[in-house]
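Here the chain labels run A, B, C and D in written order, and each chain numbers its own residues starting at 1.
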Amino acid sequence: MKYHARIVSLVAALAASAAVMPAQAQQPAAAVKLGIVTFLTGPAATPFGIPSRNAAEIVIETLNAGKAPAPFDKVGLGGAKIEAKYVDEAGTVANVVTEFRNLVQRDQVDAIVGYVSSGSCLAVAPVADELKALTVFYDCGTPRIFEEKQRTYVFRVSPHATMDNVAAARYILGKIKNLTTYSGINQNYAWGQDSWRDFDGSMKVLAPKAKADKVLFPKLFAGEYGAEISTLLTSKSQMLHTSFFDGDLEAFIYQEQARGLSKRMPILMTAGETVAWRLKDKLPDGTIIGARGPSGMLARDTDIRKWFEKIFRDRYNIPPTYPAYQMVQSLLGLKLAYEKAQKNGNKPTTDEIAAAFKGIEYDGPAGHVKLALGNGHQGITETAYGTYRFNKKTKEPEVYDVVRYPAECVNPPEGIDAEKWVSEGMKGAKCN
Amino acid sequence: MSAILAVENLEKSFGSVVAARDINVSIPAEQTIGVIGANGAGKTTFINMITGHLTPTKGTIRFEDRDITGMPTREITRLGISRSFQVAQVFPTMTVLDNMCIAAAIARRRGGLFGAIATPLRSPDALAEAEATLELFQIGLYRHTPANTLPQGIRKLLDIGMAVVGWPRLLLLDEPTSGISIEEKFSLMSVVMTALKSRKITVLFVEHDMEIVGRFAERVLAFYDGTVIADGSPAETLEQPRVQELITGVKLKAPGGAHA
Amino acid sequence: MDARNEAGHDGGDNGDASLQQRCAFVLTALAITTDGLVYAAYLFIVAIGLTLIFGVMKILNVAHGSFYAFGAYGAATAVGLYVEGDINAALGFLFMIAFAMAIGVVMGVILERGLLKLVYGRDEVVVVLVTYAVFLILEDVIRLIWGAQSYPAFQPMVSAGNVEIGDLVLSNYDLVLVAIAAIVAALAWWALKFTRYGKVLTTVIFDRETAAAFGINVTVVYTVTFIIGAALGALGGAVMAPKISVTLGIGVEVIVLAFAVVAIGGMGSIEGALVGALIVGLCRAAAVHLAPQIELFVIYGVMALVLVARPYGLFVRAQPRKI
Amino acid sequence: MAARAHIVGALMFLIAAAAAPALPDWIVSLATIAFANALVVLGLIVMWRAGLVSFGQALYYCIGAYTVALVARRTGFTDAIGLIVLGGVAAGLVAALVGFLLARYREIFFAMLSLALSMILYGVLVKSESLGSTDGFSVSPPTFLGYAPHGEALGRSLYWLTLGVGAVAAMFVGGYFRSLAGSLATAIRDNEIRVEFLGVSVTGIVHLKVIVSGVLGGLGGALAALAIGHVDPNMAYWTTSGSFVFVTILAGAGSVAAAFVGSLCFEALRSLAADVMPDLWQMTLGTALLLTILFLPEGLGSVVTRLRRRGGAKPGTLT
């Protein structure tokens, strides 16, 4: 009997906390509750979680104050102030899914913006549709999300990762004429494996004569790359492709510099932009960097971008990196959809917002987005790569030889799986 | 009648050290045999080989006309040879009854491991068997006492009881009275021996106290340097000069006489 | 560079071609050895503290990962300091190590005196979980002290420069790393063989009952050992800090790595940790050069194989059962 | 005594089952995952009684989960009960296999070897891109003997199924503890030599325990896979095993029911911590674990046992 007493009391406690939340949610005149999920702890917090959280905080403040430039100048979302609740993405998928349910059902949020890990996104997507919860993925890269299944309440403004590596292949081939051998070092997990598969696939299509030389997959967060660097040094490769990010990327750069690998072959870093501002002159000149879309150093110099960079710099004294851009891009997309769905100032229903979100098209800090794929749920943008150099005079990083690739050039057309599209020769790619 | 245990030129060596050599012994059923010898004379090695804890380097061990040389301990036990230990080996965190029940349940279980799942610990007849044995060794009073709080003597009795509960035909007692005060020794041994006699068990007991040997053994095996140097009735064996010189180290008037 | 160009030009002549191949082979062999040694050095430094603590105290210390992390963060902080007040590199490096190990010592004292002594005598595995709890807590403590941003500490490695052997370029810092590992190993060997405390330790490792019987104050031995172990863990973090980006979660990876090495060598055996580290290091290097696709399995593969052959690791024998 | 335990257990079960419709959906799904994990914990308790702790229980958890996910994906067979049985069997077979190896080890060595084995599986899964590598893949919603619920109904059905499986497992394990094989656990922990000399193969008994706990782990993983709707290699990672051992300590080896209560408390605690202090939840969990070890050495189970003892019942009657 004691047991069930315990259970009941426990359940009561939980239920109580559940009951309280919605009550709170109703108090301020129909505030819009947003759940924002990203890595607040663990290795992915530093490069992705924290910048994104910072971006969300400053932008939501500005939106609530109605100080954002047109067309984003309405207060909050369609006049209703935004209440954000931040949740950690770290932990097992079980934790991630549980916390998602808690946000929707316990905290009664109106929409969720978040998720960095593709694993989280794949796990959350079906639950979101099951619970009819409007969800905007902002950073996770895998194209599988909208290829495996039609989604109803799930959207992703940020383009998927295939684009990065197709563009990477195009850029390096433009840079090194008659390239014959290339190598790759990618972390041994889904993101690294997919990145290499797409890059290698694109190379096979675009430069059939070129051969992949060393294909290295060190453990995620391995930290020690001596052996990998030796193999590359003793290889005949003409360039190196890597999708490393943050911690591992920095470690690799320090270690390869101590052994002059970048003097032998240019290194292409699909996520290089995240570390540029921290490494400054430690990031070797001539490195080719991408920002997973036209973000950060590779963004076009539009007013909206200037606005975002300014508010971010003013608050945190460093320029925003691409995860921050993707967070803002997603928030603004949600805002537009919300306001498009809104009739005479009332709170629109989730279905109305979802309907309005479909196929939406707008300009944000990370360029011009069009939800063209996944039946209007997956965004595509142009993308850009550039070559890095540290400006000794301004003491600031900069990119030159920037090449921009139109969305249709580096993204598959609607209805074809990215992997298939690449392996079948990227049919229908429109590069101007 | 034929011997219950027949050992032929048994030998055990650990590398260069020879712990036992050409031991030849034949034991008729229901005999009670005392094994004497200084420490390291090979007594325990002898027992360990019979119970399968050690595999002989040479020679054969036959139990009830069946070669058991080099069989694993548990199979030998199931055949009907069981042993007690110099240091009582019981389950300290369990009660005396549970100790006995486990032993009883194991003895009565059928069909290997999955039999062990099927067999309940406290089946009525296992329980009865356990109780009976407790009474037989006169430790019923301690039924619910955890074994780790038992006085030395009782623990010894429990140890032996657990060996007996499965109705073995041959029982090997390794120094049953070690760690027992002089006063208790005789009472303990008489309890044990009456119990064993009542179950018609052949007994082989290692003992340092010659009075005990003289009192309870019908036959004595004297070990020295890994082999048997004398084998016969207590009287004649203990009288042999070599035994006295090498083992007992005293002159005895008669069995059961005074002894240093 | 030029070496490769020549190679590139005269592909036609067979004699040279075979010569070329031989050179390539020698170079690869050399690379495998050096890479293996460097990785082994890293593994040994992180594993020795763990195996020492286990040998003496029979504690499998999960918090060893935290010592590593704190060492790394401490080192990064120290490097930050000396880069400000531009001290010369060598001094700065020593300062970095000293600073990190000091942190290790402090943590060691606090943990052993403050917590572990409360759970001595409890089930081995329960104690492991205590250290696991400590590890969880310290993960967030790091966050509270140093925040979520990552810390660069590359200066020592970059200022150390490098040497060229044909196509192969070796970082001097890596060689320093190997030297440090060698020194640590030598010191440990010397300390255990020739110092009084070392002899005491060996007795305790061998048999704590007898040790106690000989009037050795086991409590003190425990405290000292744990502190040394903690300091060594921090040392591991310190020497790796210049090679990595010091950031959240670096402790987790190290724990399992160190566990594997220690399990291979035999838990509680110093020479075991050394040999284990060498085996894993060389195997991994060979895998990366010759068969990259199996790299991920090398460590656990080796571990499983060794344990199948020798349940208690290479340098520990199974205790014979007493009767 | 056993009878009384059954009554208490049955009551708990009925109340837990009846409560479902009254509870908000998020609590139901939290409880489902908690009870699924409780099965794994039950397996750990089985071994712990013999003084063995596995730091690699995630191996069986992950096997169970992936079996369900793969069968559902490849064959389109979606019956929950069938899938769960398959998961349990698969994990059982793996356990039977690795048992030949594990059964020779004790103490920390047992823990370490099981850890190594689970990490090898992790490595294999990370390597297998066809299974989505670290991203894993989703599990199609199950059916129940032809009945195919959606949304809340699905959640409840899974909850009830988990409860059901949990109840059956609890009864089996309870019976196992009362059996000879079960009681030999303590005997083995106390004195292996004596067990051998009584005529039982210690290795055999340990092997048996590995298999039993493996099956339980597989069932837990299978249920978790259905409840989460997604599987990924992290299910085999050592930290997953760590959290299972964590819950075992929290629950204590004292009783079967404690596994379920302990697991529920753990999930609730983790979730509340993540809610209240999203970036310090690890610290919260660590502290909880420390306090339990220091002040509740026998785990939550002991609290109840004490209360019951005060209530006049014999100790340990729940086991």
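Definition applied: a residue touches a chain if its C-beta (ideal position, glycine included) is under 8 Å from a C-beta of that chain, and two chains touch if they have at least 3 such contacts.
Since the structure is predicted, the reported quantities are computational estimates derived from the model, not experimental observations.
Asks: Where each step is a move between two chains that touch, what is the least number of such steps from chain A to chain C?
Replies: 1
Asks: Of the chain pairs A-D and C-D, which one is connected by the greater count of C-beta contacts?
Replies: Pair with more contacting C-beta pairs, A-D versus C-D: A-D.
Asks: Per-chain Cα mean versus the mean over all protein Cα atoms: which chain has them closest together?
Replies: Centre-most chain by C-alpha means: D.
Asks: Return the chain whose centre of C-alpha atoms lies at maximal distance from the corresponding centre of chain D.
Replies: B
Asks: Roughly how far is chain B from chain C, centre to centre by C-alpha average, rounded to an integer in Å?
Replies: Chain B and chain C have C-alpha centres separated by 53 Å.
Asks: Mind checking the centre-to-centre distance between chain C and chain D? Centres are C-alpha means, answer in whole Å.
Replies: Distance between chain centres: 34 Å.
Asks: Averaging over Cα atoms per chain, report the distance between chain A and chain B in Å.
Replies: The answer is 76 Å.
Asks: Please list all residues of chain D that touch 2 or more other chains.
Replies: 126-127, 193, 279, 282
Asks: By the touch rule stated above, which residues of chain A touch at least two different other chains?
Replies: 40-41, 188 - these are the residues of chain A that touch more than one other chain.
Asks: Among the residues of chain B, which are close enough to touch at least two other chains?
Replies: 85, 89
Asks: Looking at the complex, which residues from chain A come into contact with chain D?
Replies: Checking each residue of chain A against chain D gives 1-4, 6-8, 10-11, 13-15, 17-18, 40-41, 86-88, 91-95, 97-99, 101-102, 104-106, 117-119, 122-123, 125-127, 130-131, 142, 144, 148, 188-191, 193, 197, 220.
Asks: Write out the stretch or stretches of chain D touching chain A in their complex.
Replies: Going through chain D, the ones touching chain A are 8, 11-12, 15-16, 19, 23-27, 29-30, 33, 126-127, 129, 132-138, 150-151, 154, 224, 227-232, 234-235, 240, 257, 261, 264-265, 267-268, 270-272, 274-275, 278-279, 281-282, 304, 307-308.
Asks: With touch defined as at the start, can you tell me which chain B residues reach chain D in the complex?
Replies: Per the touch definition, chain B meets chain D at residues 51, 72-75, 77-78, 82-83, 85, 89-94, 98, 101-103, 105-107, 109, 112-113, 116-122, 162-163, 166.
Asks: Spell out the part of chain A that touches chain C in their complex, as residue ranges.
Replies: Per the touch definition, chain A meets chain C at residues 40-43, 45-47, 49-50, 188, 214-219, 221-224, 226-228, 230-231, 233-234, 236, 246-251, 254-255, 257-261, 264, 278-279, 282.
Asks: Where on chain C does chain A make contact in their complex?
Replies: Residue positions touching the partner: 1, 4, 8, 24, 27-28, 31-32, 34-36, 38-39, 42, 139-140, 143, 148-150, 152, 154, 157-158, 160-162, 167-171, 173-174, 240, 242-245, 247-250, 252-253, 284-285, 288-289, 292-293, 295-296.
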